[in-house]
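In this document, chain identifiers A, B, C and D correspond to the written order of the chains, with residue numbering beginning at 1 in each.
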Amino acid sequence: MQASFRTVVCLAAVLTAVAARADDLKIGLIAPFSGSETAGLEMDNGIKAFFKLHGDVVAGRKVIVISRDAPTPAPDVARRLAQELVTRDKVDVLAGHLFTPTAIAAGQVSTQSKTPMLIMNAATSGILAKFPYTARASFTVAQTTAPLARWVAKNGMKRVFTIVADYAPGIDSENAFQREFVEAGGTMTGSIRVPLDTIDFASYIRRIQDSETGGVFAFLPAPDQAKNFIKAFRDAGLDKKGVKLVVEGGMLQPQITATLDDDAIGIISSQHYSEDHQSQENMAFVEAYKSVSGNRIPTYISVGAFDAMNMLYKAVEAQAGKLDPVKSVEIWRNMKLESPRGPVSFDPQTRDIVQNIYIRRLERKNGILTNVEFETYDAVKDNGKQ
Amino acid sequence: MSPTLLETKRLSKCFGVLRAVDDVSITIPEGARYALIGPNGAGKTTLVSMLSGALSSTSGDITFAGVDLTSAPMHIRVRHGLARTYQITSLFPRLTVREQVALAVFERDGMGWKWLAPRNRMTAQYEEASCLLDLVKLGADADLPVGGLPYGKQRLLEIALGLAARPRLLLLDEPAAGIPSTQSAELFEVIDALPASTAILFIEHDMDLVFRFAKKIIVLMNGQVFMEGTPSEIAGNASVRQIYLGEGGHD
Amino acid sequence: MQFIGVLLDGIAYASLLFIISAGLSITMGLMQFANLAHGAFAMVGGYACVYGMNALGIPYLAMLPLAFLIAGVFGLVLELALYRRLYEASHLTQVLFTVGVLNVSAASAVFLFGAGSQPIHLPPYLQGQISFLDANISTFRLFTVVLVVAMAVVLASIVQLTRFGAQLRCAVDNRRAAIGMGINVDRLMTIAFTFGSALAGLGGALGVQLLGLDPSFAFKYLVYFLLVVVVGGAGSFVGPLLAALIVGILDTASRYYAPETGSFTLYLLMVALLVMFPNGLYGRAR
Amino acid sequence: MTRRLAAAACILAPLCYAIALPDYLVFGSQILVMALLAISLDLLVGYAGIATLGHAAFFGAGAYVAGLLSVHGWGEPLTGVLVAACAAGALGIPIGLLTARSGTLARLMITLGIAVLLYETANRAAGITGGADGLQGMEVWPLLGVFDFDLAGKIGFAYAWCTFVLGFILARFVVKSPFGLSLEAIRDNPLRAAGIGIPVKGRLTAAFVISAAIAGAAGAVLAQTTQVVALNVLSVQLSADVLVILIFGGIGRIYGGLIGAALYMGAHHWMSGLSPVYWQFWLGLVLIACAFLAPSGIMGLMAPRAGGRDT
């Protein structure tokens, strides 16, 4: 039995080894690919879109992506995958990570093995501090939430109720919103943290009705929760009673807006990326993305992957084909990019991303519900962990 | 008269409005060979279950060897020397014959909590188990799993299991149920040959066996003790004959 | 007057739980078969409904009976091909098999319909809210309750009034006796399994709106379905109905009156009920 | 004699693995951790006849205790495992008492419910556990003060192997003791077991404690070698996975846990490497095939057990 198992594993090793050659630039991509999570595919398509626009050869090295499935926020799985990618597949750079725990586990491998790592999503504040060879091409929840709180306060809403998913990112966004909103003179009418297995929002909606609030801020990024909450909000007629709904942009990803009806039009959200962003870079990106993904709409996760590739190419080019961990991080922390999401730079101290946060309104555009940007907060830093 | 071993005072068990056992006060002396008889539904098995602790009593007391066991759980009663067998064979199908007798011996010796000592080194207990199996003539089957044993042998194993606890009182609920009458006599020979230090209270429908092996008989009717006496007293009592024997209590 | 609204919301939630779990209760009661993959049949119904509406343009109300039928056919085929061979196997083997079915169904859903959550666009007459006894309740929830109550009445009539129902009750009570009386329990099981799957399919189609639908649906809600059946007592309809009502109403009410307790209320209640009623509210000792 | 050979093979097989597949040591140590968890579950399911869907509660408790110890300044791994095992064992007491009298279904749901409650507690207590972001900042000291946990996982593997061997031997001692025999008796016929003087409730609770302690040790080893603990160690998914691994390997045989973990995780690793999106399909087919072709698990194919069908 042991013997046959070994043949099985060896076979797998052979199969993956055949594809790569010694001078290839290998990326170890750890993300959820199986089950109901789409993030792995979004990252993969973001990388493919980058290849389409910029080729899959950089400084003479062919770029190879080795994908590994980490479907849940399980750090043991991520650490094992990262370790195998580094020691066995000899990848030059680690990448991916939808979830914070997997990013942390792989970050330890990156630190121990001195392998550079590029985080494409994992949006908890302050996780870069412990991992010196790591940079983040995504965002933090606090970064995207705080400007929304300021915008809400500025636009006449004085009383707001917050409802967030009861897990670390949800609590990050609740804290960021409340801090900024109260600082700007607003009053909180209540807050609810919703268990992650919640599907029926009727009771929470009734509670919001009771609070006689002027507005609601929501952060419920799981697709079912986002959809059900928005539907329940509209069904209860809260919008008709003048209650404004504002959400963190993760709640209005394309796969969620596709499940909404016209009565969702008008929801205000904030994020660093909309597929509708008006720029040359974005138009090229969207077109490339659609062509490699079977006409899908890019998401903020695919933009994270796209920009991470951009950062990787720039670092490899600057080092003439090499990817030294210290030098690469040095390059990244001083880098400025023109991304599909807009101008991007990095905080030289924390290495964390600095970017524009856009306030958007959900509208029907070319027949599709789209987040249309109408106001910009320039060069927002992450202030989640102060 | 030997000293009293078991005594019940006004023991009752109600299932809803039904009084299955009603105000039963009996005493059983050490070394007894008692039979418990009565028509179907008289409450015999209920009484035995209450004595062994499988059922809790609604009211009344059970004193065993001077200790109040009225509300003691089953395994405590076994530890005090009050063991039983079951009317419907109830064994451990996946263990071997010897293992389950040894198991009962381990428990009696208080070794059941030993969780790191290899039991195959506990030869004394296994030898005692073998002796018990020889006693009930199961020595040749000791290493077979119980699941495949013929029914008659399972009945014998029931008794060996009961004995393994080295009880001072063994309650036998129809030990010969379901086996041919030729074999049931043999079975009772085995029971009768048990040491005098073990008192026995058995339920049995076959009156020949009852009169042959019991020194004293308790007749239960509608949950109450109808009469108690020696076989000849019982056989000579007209009302018992009419109510119980006359109905042809064999089934 | 939020109280009545909360109550009605809870009943709507309970209706969905009940309609999906009812079939599971029968298979568990009749054959002691632990079908962990029961939710997969709800998924079949859900995907059929979404696909029929979005790709083929079939109206919602027509899709509901179709989802019922399609899930039933799935159940029938799987019962005849696979499930029935394992009725005599140990519970643990059944667990292995049904977990395998769960995995296959999840991967198949990704393959056929993609990974994400499925959209559903209800007809306008089922959207919005209506006032009912001074309380606001969404039209769709009321529709769900009415439909499930109707289904429950049909179920109860079948179980209480028909020959099939009498045989079914007899077989759940005592399978050996039923076989002795000449009842074809295998055939009974096939019918019950098919019908249970069909009900789950209907529940899945109804549930796309309230529960959502994605490839991990069957695994995600497995705990709820089991909870309803085990707390209610396998083998009956009344038990799961009662359990679904308790779970639905209490869960909804605790989220309204004490949102900070989160999902603690539900699971504490489950543990407490099972410690008090180990065989379920309407179960019998086995 | 053959049994001793089998036990020796079980202990030595991981070493062969380490020599044959030196690039997969981290994976190997995770197989050993899962195997140990499955073996601890086998004590409950296979020997005491207690089906549970909440075994992750003990594993996760062990992992969090070891993790918290090391975050708060005590990174010594061996004592960490000991403390974790004790804590998990203590958790076994109330769970054992609560479920001692329940039937199979009720037991499954009660254990599951308690595990979910624990999961929610860990999620809520983000200030202590890090919540969904995971417990960060573990500093694990070198093993025995000498061997630092290396990237390739050599020390981690050796560590996991030693824990596995100790746990395996402990479990083997337990099932071969009078105590183990009494558990089998309770599994076969709890009422009769009480009738021959076995305190059923006490024994089942003790079985829970032993099993929980081993599971907690396994969780602690995983936490220390991963150096992050996240909520997945308490998840229903993990409870279900380990049960499937055990059934797949074969219950009531102690060896089944190792065989099941190696084959199941090997198959998973291989399939998800080849097809990151659709591996679930193939793994599901394997499980379905196993249910039909090897209903007593892989071990059942290799060494049919006396005494008829498993329950």
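Keep in mind that, in the parts below, a contact is a pair of C-beta atoms (placed from the backbone, for glycine too) under 8 Å apart; a residue touches a chain by one contact, two chains touch by 3 or more.
Note that the structure is predicted; figures quoted are calculated from it, not measured.
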item: Both-way neighbours, i.e. chains that touch chain C and touch chain A; value: D
item: Distance-to-centre winner among chains (Cα means, whole assembly as reference); value: D
item: Whole-Å gap separating chain B and chain C, where each centre is the average of the chain's CA atoms; value: 49
item: Gap in Å, rounded to a whole number, between the CA centres of chain B and chain A; value: 73
item: Distance between the centres, which are taken as Cα means, of chain D and chain B, whole angstrom; value: 42
item: Intercentroid distance (Cα basis), chain D paired with chain A, Å; value: 34
item: Touching two or more other chains - residues of chain B; value: none
item: Multi-partner residues of chain A (at least 2 other chains); value: 34-35, 41, 166, 195
item: Overlap residues in chain C, where contacts from two or more other chains coincide; value: 106-107, 110, 115, 262-263
item: Overall pattern in which the protein chains touch one another (line/ring/star/complete/other); value: other
item: Contacting chain pairs - touch in the sense defined above; value: A-C, A-D, B-D, C-D
item: Partner chain A, residues of chain D touching it in the complex; value: 13, 16-17, 20-21, 23-24, 26-27, 30, 120, 123-124, 126, 130-134, 136-137, 151-153, 222, 226-232, 235, 237, 259, 262-263, 266-267, 269-270, 272-274, 276-280, 298, 302
item: Residue numbers on chain A that touch chain C, as the complex places them; value: 34-38, 41, 166, 192-195, 197-200, 202-204, 206-207, 209-210, 223-224, 227-228, 231-232, 235-237, 255-256, 258-261, 263
item: In the complex, chain B residues that touch chain D; value: 52-54, 73-76, 78-79, 83-84, 86, 90-95, 99-100, 102-104, 106-108, 111-120, 122, 145, 147, 161, 164-165
item: Parts of chain C lying in touch with chain D, wherever the complex brings them together; value: 28, 34, 82, 85-86, 89-97, 99-108, 110-111, 115, 223, 226-227, 230-231, 234, 262-264, 267-268, 270-271, 274-275, 278-280, 285-286
item: Chain B partner contacts - residues on chain D that touch it in the complex; value: 170, 173-174, 176-182, 184-185, 187-189, 191-200, 203, 206, 210, 306-308
